[in-house]
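One chain, chain A, links the two complexes that follow: it is found with chain B in the first and with chain C in the second.
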Partner chain A sequence: MIIGNFRIELEPRLSSPKWLYLAVPAGSLVFAFIVGGIFLALTGHSPIGTYGSLISHGYTSSKGITNTLGLATPLICTGLAAAFAFRMNLFNIGEEGQMYLGMIGSAWAGIALAGHLPHVLAVPTVLIIGAATGAFWVLLPAILRAKLGTSEIVSTLLLNYVALNLVNYFIYGSRGFFRDPTTSFPQGRGVEETARFHSFGTSNTYPTVIIAVLLAVALYWFMKRSNFGYETSVFADSPNTARYAGMNATKLTLSVLLFSGALAGLAGAMYVVGPAGKVDPGLLQIGLGYAGIVVAALARYNFVAVVLTAILFAGLRVGGASLQISSNPVPIAIAVVLQGSVLLFALGGEIFRRNRLRIRRVQQVSVAS
Partner chain B sequence: MGSHRLGGATLFALSARQVTKRFPGVLANDRVDFDLLPGEVHTLLGENGAGKSTLASVLCGLYKPDEGAVLRNGTQVRLTSPRHGLQNGIAMVHQHFRLVDRFTIAENVVLGHRNLPFRLRANDLEDQVAQVAERFGLPLDPRVTVGELSAGQRQRVEIVKALYQGAEILLLDEPTALLAPPEVEKLFETVRAMTQAGKSVVFVSHKLGEVVDISDRVTVMRDGRVTGSVARGEADTRKLAELMVGRDIDLSPRRSRVAAQETLLQLDKVGLTKDGIERIANISLSVRAGEIVGIAGVSGNGQRELAEIVAGLQAPTSGEILINGARVNGIGTRKVREAGLAYVPEDRLGTGLAPSLSIVDNLVLTRDRGFLVDRKSALVEAEAFIKQLEIKTPHAHTATRKLSGGNSQKVLLAREIFAAGDNSRVLVVCSPTRGLDVGAVEAVHKLLDEARSSGKAVLLISEDLDEVLTLADKVLVLYRGSVVHEVAGHEVDVEAVGLAMAGLS
Partner chain C sequence: MNSNVWILTFADAISIATTLILATIGAILTERSGVINLGVEGILLMGAVTAFLVGDGTHNLWLALFMSVLVGVAMATVHAILTITLRANQIVAGLALVIFGTGLSQYIGKPVEGKSRPVTIEPMHLGKLSDIPVVGPILFGHDIFTYLTWAGALVCSLYLNRTRPGLVLRATGDAPATVDAQGVSVAMVRFVHTILGGALMGLAGGWFMLARGTAWSQAATTNGIGWIALSLVVFAAWRPLRAIAGAVLFGFTLQVPYTLQGQQINILPPEIVQMLPFVATLFVLVALSTPRARKLLGAPKMLGQPFVRDER
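Let's turn to the complex of A and B:
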């Protein structure tokens, strides 16, 4: 592009300096807040005051941060699920449905099994069964992908709607196993008390947050050091090289997708052993599965970064929701605008990580022949 | 071919004056001067990255120079696009052809031409195209679809296209890379016909081969600069290689110095039929320890299938493959490797190496890794290779795609020759120097020669006939999936091999 005497060009970088990996996301956050601020100003709110209150409600007050961590817990899991699959170029976007199935599976275990189990085993069993049902939900797309090359994007997405209606049917459509028999109000049947964690004090944060964080760190280490992690990175980089080295593509595809489904299922199970204690249609409203994909993308599929991004996002949600009940209520849509802007700017910012902006004076060519 | 003199000054058909072109981190052309006479054949010679393709792109209008000027018939032209170049009579034929497979030759030739009538009459166009083709000795049937043509014929279509659009100056990028020797001869006839009609031809090449022989002048580039410009007969290949590389280069034939021993790789009547088409027909050959058997042939005659069959990536539909006497038909790559095979595929980055992974990670690719990957010993190994083979890289953790072709090939060869260990004694190598510089070619050939001397059985499958003739103790020619010619390395009759490659024996 030429403006006046100057030529503005994007020049590819040969290598990106390390600080840019932090500067670009931080910069996109700032720009997102500026864009959000414009919306706030247009709707008659003070941007600074609103942001101050958003930060306090979302992060800095003790109530705010515990609410945020509580919401972040399942979001970390769905974020890990997406990051895990996307790293191998397997685009599992069915975290939402796999999470619902995790909720159903763990609620079943919490109702039917937990009473027969010793106390210490009850919660782990419920969590594992939730993870297993999440994996089960991605089994069909995984087989289709591994054996026939069917697009997992479409199949996993469509199964989300099946899972959604399954939950609705269990609670609103039938008086079956998952429906609370003691009341005519449609709600889930509670799991055994032994199948639940107690929250920290009176907060909304449960010990599952520790599990989620440990899981992220463990995955980070495992994928960096293990043969499995190595093989997935070769496969993701170049399937032909993997074939050349005799790696089993079918096995890798299946195990990556199933594990991703299990992580999403775990998100649902953590919701059951934590705040819900039953099959709760409330989970259908908050879109933690889809948000997990956004979190993973922003974290550039780095497992440790997923934790931080999930907390950032959960805080925006919690803080955004609180703004609705302030004296000058701010619509929840503002929080959504902020989230969208963060994503947009972060993805757009990639261009500045890969390229360098150059402004040059246009030179007149002189001929000397 | 005479120069046209006007008023005592030579009038060049095309010149570059002090052309400088920068890319991020690279000075691709540094104050380059270049002159082309009318009716001249001029070779622009240089290694990969020497800047010759950049210069050609500047000359044809694809790139704009940062500094300096392009002159056409002595007046400066500011070319803004290849189309603009064409309006000035300058056309470039790229190494990778830009043709539509489903269109006929005539349709491809007129494609992109601006002054076509609204209603196309196929017959008229075909006649016009045939006329142009005939005038320059390019036999083509304009009604044939391009998808059915060989590489040589496609190249002819590209040349006819350029001529049809009125090109006076033709820049040919690596024109002989994909051609069989008889096709190269035909190309040269065309070039002669063009120069007789007063047109000029520039060959852009990194190979000291035939193109240099028919050139009136050779301009050599290195590191973005012109290192010399010599008229025909003024310099031999050795001198040109030195100008290209900046040091003395040894490309003389290398033959086995030890007596070949026991047979390590044997193919017995191997065949492959896929989708009802016979890709490999009844091939029998054996490779003994301490020898290189070379397979020559034009690309697409079954080389890839043959290599994949031996490497265990495809199972043959008939016949037997024996490594160290053990049958390895269709047992899979891992087991074939365990049986003693190392394999350097044609596609370095993308099959042999994982491009985004580091040198270290690429060395562990064919190891038995266990649960946790041992990168410590791989790092030690990588650093030893980097030193020993003079691999140019910032460090052992650099992604292989950031290395030059020669250096990534060294990584791959290091893994397949040395890291594979003594138990691996059969080496299958496919087009190991394709696209590499003269200096890198020398290094790769030296490595293959060392592998042979250390008692490995090497099967060299290469589309580069010179390479096969330089290294092989036995030469086999592959044509349409069959071995049609077989001769000992020191008894090779180049003409007979060339004819066999074209299927004319």
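Let's turn to the complex of A and C:
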């Protein structure tokens, strides 16, 4: 492109310098806050004051950071779920629904099984069953993708709406197993006490946060070291190479998608053993599944980066929620606007990581008269 | 049961189909150029909230719809810059648009949440035609946009199949290198059609709000219609005229839950009936995935692939 006397060119980099891996997301965050600030100012809120309050309620106060870690716990799981599938160029965008199913499955286990088990077994059982039901929800899209090549993007997404209505049905539409029988108020039936973790002190952070972080580290290590991790990365780079090397594409696709679904299901299960203790339609309002996709994309599918990004995003959400209770309430949706903008800027910024921007002066060729 | 109710359901299905047709044609134009824009749901929501807010402020129907179109154009431009100029991943960029549009529509729509719609797109009365029993209400009781949309689908079909720019568009989706070799800018063709598609999606959202929506509510307004439109693109095999038939069919599944509820027919709980459009869409996707169906469909070959001349 030539503007005036300058030629602007993008030169592909052979390798990106390390600092750019941090600079691009950090820059995106700054630009996203500027965009959010414009909308805040247009709707009559002070951007500086709003962001100050958001940061203190989300990150820097002790109440804020523990709330943030509590919310980040399931978000780390949905982020890992999205990142895991992305690694093989599979786009599971049904984390939202898989998480709901995980909540339903784990609540079932917490009500029906946990009473017969000691505490040390009850919580793991509930978590595992939650993960399994999450995986179950991605089974159909996974089979379709592996056997027929149907795009998993739309099929996983459509099932989100089915799962959403399923939760509504269990709580509002029927007086069945998941509904609290002791009250006419529509709410979930509580799971057994043995199936629940106690939070740390009086905070809203639960021991599940440790599980989530350990899981991220374990996945990071596993995908780097194992044969399975190697095969998925070969398959992602070049499906044909993988096929010629005798790797089983069907099996890989199935296992990656099912495991991704299990991770999303685990997010729902962690919500049950932690703060909720029942099938809680409140989860439908938070959008942790969709946010997980943004987290994964922003973390560039790096499992350890997912943890940090999830904490960052949970803080936006927690801080955003606090803004609603003030004299001039700011809708919590500002958190979602910020999330979307961060991702848009990060996507745009990628090109500057992969390419070097060169601006050269063009030599004016003057035609002799 | 009253047969009138089912006539009205059919009529409503055809009416709802308008928004699906507009969004689907928008997506078809985009995808034919080789760009996949998953942001439909986000653009629909932004179009809807814009129409509501502008309508609320000015009570001017045309201005409201015009602004919806502009918002659609703006969002599609973002997608085009990201995916065509900056070569970002098209899937992720589309998802980012959905999240951004969901958040922003909820944010700017918060003050009017639950307020009933300020201006209405009224159905036309076509004299004697509308009075014909059965056929009248089903075919001749809609608003002007429904008919314009049908005409638009026809124009779009002619454009794709009978004109030179249409040929270039199809070639851009199938073999961008050839188009490039002919001296036509692939990026320009993609930019124009992505933005044109966004304009139609924005209009789809605005129309839906002012013709079908009763009150603004972020959670209940489009409610997944954008994703259904994306499935419809496959169902229509990337052909605008087939989108009409598909849209009416899907419009029917969207309308039936309301009819059943209104008639207090409780064969199934309402939450289960609400799943119908999504389950039906999924079934159609599955049916279209068999190798035989796939061959007949003919998706643009380079769909989702950025075009870089240097790397060839």
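The definition used in the following text is that the second predicted complex is superposed on the first by the 360 of 369 C-alpha atoms of A that agree within 3 Å, B and C clash if a C-alpha of one lies under 4 Å from a C-alpha of the other, contacts with A are read in each partner's own complex, and residues count from 1 in each chain.
Just so it is clear, a contact is a pair of C-beta atoms (placed from the backbone, for glycine too) under 8 Å apart; a residue touches a chain by one contact, two chains touch by 3 or more.
This structure is a prediction, so every number in the text was calculated from the model and none was measured.
In this overlay on chain A, chain B fits alongside chain C without clashing.
By the touch criterion defined above, A:Asn328 lies against neither chain B nor chain C after alignment on the C-alpha atoms of chain A. In the overlay built on the shared chain, the residue A:Ser226 is in contact with chain B alone; chain C does not reach it.
Look at A:Ser46: by the touch rule set out above, it reaches neither chain B nor chain C. Within the superposed three-chain model, A:Thr150 lies in touch with chain C and out of touch with chain B [touch as defined at top]. Within the superposed three-chain model, A:Glu11 lies in touch with chain B and out of touch with chain C [touch as defined at top]. Counted by residues of chain A touched, the larger count belongs to C, out of chain B and chain C. Once chain A of one complex is fitted onto chain A of the other, the partner contacts of A:Glu350 are limited to chain C, with no touch recorded for chain B. Once both structures are fitted onto chain A, a short way to say it is that chain B and chain C open up an angle of 70° at chain A, using Cα centres and rounding to the nearest 10. In the superposed model, A:Thr60 makes contact with neither chain B nor chain C. Of all Cα pairs linking chain B with chain C in the superposition, the shortest spans 6 Å. If you check the complex, the residues on chain C that touch chain A are 38, 78, 81-82, 86-89, 91-93, 95-104, 106-108, 110, 218, 223-224, 227, 230-231, 234, 269-272, 274-275, 278-279, 281-282, 285-286, 289-291, 294.
Of all residues in chain A, those touching chain B in their complex are 11-14, 225-227, 229-230, 233-234, 237-238, 240-246, 356, 363, 365, 367-369.
Of all residues in chain B, only 15, 17-18, 24-25, 65-69, 71, 76, 78, 311-313, 332-334, 337, 343, 345, 347, 349-357, 361, 364-366, 369-373 touch chain A in the complex they form. For chain A in complex with chain C, the touching residues are 39, 43, 91, 93, 140, 144, 148-151, 153-155, 157-159, 161-162, 165-166, 168-169, 172-174, 290-291, 293-294, 297, 331, 333-341, 343-344, 347-348, 350-351.
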